[in-house]
Every structure is written in structure tokens, then in C-alpha cells.
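There are structures below to look over.
One chain, chain A, links the two complexes that follow: it is found with chain B in the first and with chain C in the second.
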Partner chain A sequence: MSDNALTMEISSEWGGAEIAVLKVSGFLDFSGIAMLSRFFDKIAAGNWSYIVVDLAELEAICSAALGEFMGYRKRFVERGGSLVFAGLSGNIRSKLTLLGANKIFSFYQDVRSAINAYKWDYKKQSKSVAISFPAHLALVPPVRQFASRLVRQKGYSVKDAFRVETIVDEVCNNAVEHGIDEPGSAVDVRIAVDKEKIDITVSNKSAPDKVAVLRELTKPQAQGSNHVGTNDKRGRGLALIRMLSNDMDVNITEHGTTVHVTKLREE
Partner chain B sequence: MDLTFPYTISVRLPSDLEIIPSIRKFVSEVLQVSGFSAKFAFRSEIIVDAICNNAITHGSSGGVDGEVELSCVIHGDRLEVVVRDNGGSSADIERLKEAVRRTRLGLPLPDYDSGGMGLEIVKLLSETIDINVDENNVTSIHVVRRREDV
Partner chain C sequence: METQIQITCEEIAGKANARIVRFVGDLDATNVDYVTEQITNYFGDGLVKIVADFKQLRYVNSTGLGVLLHFNKSAKERGGCFKITNLNENVYEIIEIIGAASLLDIYDEISEAIAALD
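Presenting the complex of A and B:
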């Protein structure tokens, strides 16, 4: 058998009863369409609705095969799913783009990315990143810029990203400033993003002598007022976070402080 | 107040290639605020990119819901990067071990079907590369890159 012979293989072990991966290798020319059709009949007989076509080992594809994929895609869209391409080489990607396939199909770097996109779009799964950094103000700008890039990358607007960046900046600055001042003390930030909201959780160890002051600053009557005196040089952080977010919760104990902020997608 | 070396930044990220550009940029910015040159930061970005890519592509046996841990230990004169994943297939682990062994000995890497450039680039940009696989297949790659301007 030639190295370029067309082979196909279905796998469904990617987590999710509705997901199937069809790996197509070799040359997919006009003579391979019958084989493609047989495999799609098998897939259609199953309960799969989201099909990832893994083209990482595809050598060439004819335009007629692309037309077949368009027909199959329609079938899976009607089932509430889709058909997407993953792992395309530069050559295959260029050819499909020239044929206009990028306007119909989504292209992903690899199968994992395609399945992650499915879980994000259809299952509303969140993505979370946790960062732990030493309590030092110099390290806050990289953290807030990371938060901004993360939410932009997940499709949020520049405005939302800027607001998230401001929230992260304020909460982390507070954590550094009011946290315990000892070598090795760290600030822990967790950012969870889903299609509708961003949850930000920042934890740090509190200095025991500051616990009472922190509680005073964050008690309900203080939270109810967004007013900061015109001569006050400090203290705008919490008011700003409340203004930019949809929910904020502060938990202060002798062991540490945890601030949880929720920001809903605006645009 | 200046940052006190050494210190550690840890990141726990999902096994999703999409996230790597943001992570590598984050590491670069941390290095620059710590007094490292833009050149050092950029080269370190490439190291982080390559080993995180490997960890996600070959080492996330947790499937699409797996996680990767990145730790950067920043010393005054060097950066240590440790990337830990859940371990891939035994073939992936053997391939990685062989690649690291060859890299240490200065031998060319085998001509794998796909990729394989990542560790070559890391080798060019760093002083040492080590690998550790524990009994649960949790795989750690440890890379050290020295500062050039001290």
C-alpha cells in the first residue's frame, strides 16, 4: 500500500458522548469520496452531533470532497452540533481558504482545541487559570495585563477586558498592601472565564493587626456607600471595584482575606 | 522596595493551546519588571512556549480537561522553569526521555513524524534541561537559563 493511501478512523474517546473525531490521512481525491460517505453514514448512525475532522495527516484534498463535507456539516448543524476541521497543515489550510471553506468551517490547531471550543460554545464550560505570586506591587501589572489578555482571547470586548484589568489591579494591590508582610507571603489569583461571566478570586494572608481595620472597611454600611470624600487620597479601590463589577464578596478571617468578584459580559 | 530574589511565580493552566500566548507574555513581563533585559525575556518566552506546548500536546492524559502547572523560579542571575503535566502515553514519555537524553549529549533528535523542534529550540536557549517522571507518570521538565548581562 502506498504511503499516501487514504485511511479513515473514527474515535469517540475525547470526553463527551456527542463528540466524534474522524481522522483522515493520505490523499482525499475524487476516488475517496465513496469511503468518506461510508464513514459519515457510520457517524450519522451514532448519536454524535459534533464532529471533528482531524486533517493532521492529510496530504491533499479535492474540491469535490470539500463539497461532501459541506453537506455532512449541514446534517450535524441540524442535530444541534457542527462539523469542524482540526490540525490542518499550512498547505491544506491555504487550499481550503482559497476555496472559501474558512467562511463555512471552523479551523482549529488540533483536536484538543476543537473540543475545547465545543465545550466553551455548547456546554458553557469555564476556563480557569490560577496564579500565585509574591506579595509585591511590582508584580501586579503583569498579573492584571494577563487577566486582560485572557478575557480578550476568550472573546470579550476591549471594554470588558479593561474593566477586568482594573478590578484585578485594585484587588491585587489591596492584597499586597494589606496582606501580611513577611518573606514568602504570596497572593493567589484565580480567574475563571465562561461565555457569560468572569469570576475573579484573590486570596492572601492577612496581618493579624489589620484584620479589625479590614473588617471595618468592608462591613455592609461601608459597602453601601460609594462616596469617597474629596480630600481622601486613598480608599477608592473597593468603591471602584463595586462600580465596575456585578457582585463582590469579601471574606476576612484571622488566616487571610479572600475577595471574590463577578463581572458579567456586557457586549 | 525591590523584589527579593529568588522568588517563585506559579501558574496552573488548562490543557488548551489557546492560552499559551497569554502565559508566555505574562512570564516575559514578570522577567522585565524583575530587571531582566527584553532580550532575555523574549528568549525565555520561547522556552515557556515550547515546553508548555509539549506538555499540553503530549502530556495531558487528563484529556481536554487536564491541567498543566508552570513554575518560574526567578533568581538574580538565572531563570528556572518547571512545567509539570499529568503524563502522556508511555510512547510519548519514552520519546520525551529519549529527546532529553539526546539533547544532553548534544546529539540530533530523531526525525519524528511531526514537530520535534520545540526541544531543539529550548536546548539552544538554555543551559540545562532535565526530565523527571514519577510513578504516576506525572512528568516534569526543568529548564535553566542564565542571565547574559551579569
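Presenting the complex of A and C:
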């Protein structure tokens, strides 16, 4: 057997019952289409709906084989799944792009990226991150910048990321300002990002005797939205959060304050 | 630990009591005191006409916006002005969404702001 002989292998260890990875190595020319057909028969029998074709060790591919992949992809899409390519070398990517495959198939850097995309696009899974930091103002900027990078990493626009950065900044600043500044007190931030929205939850301890004051401060009518004066340097944070977000809920108890903000994807 | 912001000052030819003040970085709750001190010092030195160049100001939050409104008011009380130029799209959105765009003197270009100095 030569080094570039065609080999195929099915693996389901990456994604369990729904995802199959078909690794295709060597030269996939017209003579390999029968083998491809046999492997796709096995995949069809396995009831997998999302197929990642790992091309990391593919040396060459002919247009007829690409046509076969198009046919298989159509079948999986009709069943509510998909077929994508992963691990393409520069040469294979160029060849497939030249044949127009990039307009039909999604290309991913590697199998893991393809599976992450599946979980994100098809399963609507969210990425959730929890951060806890001492109630000091100086620690807010890295938290807000982290939130911005997180949503950018998940494909949100620069503008959406900036808005999330602002929301996290304002909520955390309020938590630090109105929370208890004592050893062991912390601001807890949880950011959950899915394909359509970002949920931000910030909790902090506050003094029981401040409950009434905080409730008054957080009333929408107390925040003076669209009535900005030039005298006060502070007090616009909550109004800004309300205007940048799609939903906001403030829960103040004797144990502390929890602010929950939802920001929908806009761009 | 403050968020990094740099402020530099540059003379404007023929305008003795005016300066271009360039902001580089983020303006937020961690550094408003430093920025307030710097601008207040300029006012104290008689430099009451400020053209604030925000070309490299990446971020402003509500606290930063509060001090910008304060500078605008303080400058006018001293017979001067605090003109803002070169806002990036995101910072402008924050200013606009809070309703402060009409309260601040905002210009697209530094040259326009300088031309508008009395």
C-alpha cells in the first residue's frame, strides 16, 4: 500500500449519538467513490445527524468526490443535520474553494472547532463563565474587558461587545459602590452567552439597612433617563444599562443585591 | 490599579488660552479623579478653552461621561469651552444614548473645533 492510499475511518467518540467524524486520508479520486459510498451507508445506518469530515490527512480530491459529498450533505440537511469539512490543508482548501464548495460546506480549522460549532449552532448551547472578585473598583476593568472578549470570541459584533462591556462595567461599579467593603465580601459575576443573547448576572452583599435606599435608587423613575443634568457626575449607570439592554431585573434583599441583564444579539 | 489613560496637551497657534488635550485609553471610574485633576489644573492655569481629541479614547462609561459634562460646565463658567472631537462610534453611542450629545460641544474634526474657538 502506498503512503497516499485512500483510507477512511468512522469515529463517534467526539460527540456521542449525534455526531460522527469521518476521517478521509490519502487520495480521494474517482476510484475512491465506491469506498466513500460504503462508509456513508454505515453512517446512515448509525443514525448520526451531524457529520464532520476530517480532511487533515487528505492529499487530493477530485470534483466527482466533491459531488458525492454534496449529495450526502443534502440528505443530512433534510434530516435536520449537516455535513461539514474540518482540518483542510491549504491545497485542499484552495481546490475546494475553486470548485465553489466553500459556498455550500462550512470549513473548520479542526474537528474540535466543527463540533463546537455544532453545539453552538444546532444545539443552542451556551457558554457560561463565573467570576468572583473582591469588591474593589480597580478590579472592574479587567472583568468588563474579559466579558467583551468573551462575546467577541462567540461571534458577536464589536458594537455588541462594547455594549456588553459597558453593561458589565456599570453593574459591577454599582455592586462595588453600594456593596459591603469588608474582607470576604465579593462581587459574583456570571455571564452566559448563546448564539442569540447574553445573560449577565451580578450579585453582591449589601448592608441590610441600605435596602430601602437601594430600592429607591433603582426605580426607573429615579434614574432620570433622558434627563441628563450637567451638575451630577454620577448616577447615570442604571439608566445607561436599561438603554443598552433588552431586559433588566434588580432584586434587593437584606442579604444583598442581584442584577440580571439580558442583551440580545443585535448585529 | 487604574485603567490606563494618558493625557497630553498641545498648544494651538494664536490661541494663548486654548489647548488641544489628547486622551488615550479608557475613561472610567478608576481614573476620573486623575483626569479631573489634570483638566482642573489646565483651567487653573487659565487654559479655559479645551479641544479634547478623543481619537484614541477607546471607552467611556457613565462616570467618565459625568466628568465630561462637568468639564463642559466648568469651562463655560470660566468663560471658556470644552469641545470634543474625533469620537469613535461606540463612545459616541454612549454619549448619545444617555442624552448628553446635545449638552456637549461635539465636532467631527479637530480643525472644526479650533475654528469654532472664539
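Keep in mind that, in the parts below, the second predicted complex is superposed on the first by the 170 of 267 C-alpha atoms of A that agree within 3 Å, B and C clash if a C-alpha of one lies under 4 Å from a C-alpha of the other, contacts with A are read in each partner's own complex, and residues count from 1 in each chain.
Following the convention adopted for this analysis, contacts are C-beta pairs under 8 Å (C-beta built on N, C-alpha and C of every residue); 3 or more make two chains touch, one makes a residue touch a chain.
Predicted model, so just to flag it, every value in this text is computed and none were measured.
Q: May I ask you to decide whether A:25 touches chain B, chain C, both, or neither, giving the answer as first, second, both or neither?
A: After superposition on chain A, A:25 lies in contact with neither partner.
Q: Looking at the overlay, does A:128 come into contact with chain B only (first), chain C only (second), both, or neither?
A: In the superposition, A:128 contacts chain B only.
Q: Return first, second, both or neither, reflecting whether A:239 touches chain B, chain C, both chains, or no partner chain.
A: Touch partner of A:239: chain C, not chain B.
Q: Is A:162 touching anything from chain B or chain C once the two structures are fitted on A? First, second, both or neither.
A: Second partner only, chain C.
Q: With both complexes superposed on chain A, which partner does A:141 reach: first (chain B), second (chain C), both or neither?
A: It touches chain B and chain C both.
Q: Considering only touches as defined above, state whether A:170 meets chain B (first), chain C (second), both or neither.
A: second
Q: What residues on chain A does chain C touch that chain B touches too?
A: In chain A, residues 138-139, 141 are touched by chain B and also by chain C.
Q: Flag every residue of chain A that touches chain B in the complex, lowest number first.
A: Chain A reaches chain B through residues 14-15, 56, 109-110, 112-113, 115-116, 119, 127-134, 136, 138-139, 141-143, 145-146, 149-150, 153, 183.
Q: Could you please specify the touching residues of chain A with respect to chain C in the complex?
A: Spelled out, the residues of chain A in touch with chain C are 137-141, 158-159, 162, 165-166, 169-170, 173, 225-237, 239-240, 243-244.
Q: For chain C, which residues count as touching chain A in their complex?
A: Within the complex, chain C contacts chain A at residues 1-3, 26, 28-30, 32, 59, 61-63, 65-67, 69-70, 72-73, 89-90, 93-94, 97-100, 103.
Q: Any idea which chain B residues touch chain A in the complex?
A: Result: residues 1, 3-4, 7-19, 21-23, 25-26, 29-30, 33-34, 56-57, 60, 63-65, 114 of chain B touch chain A.
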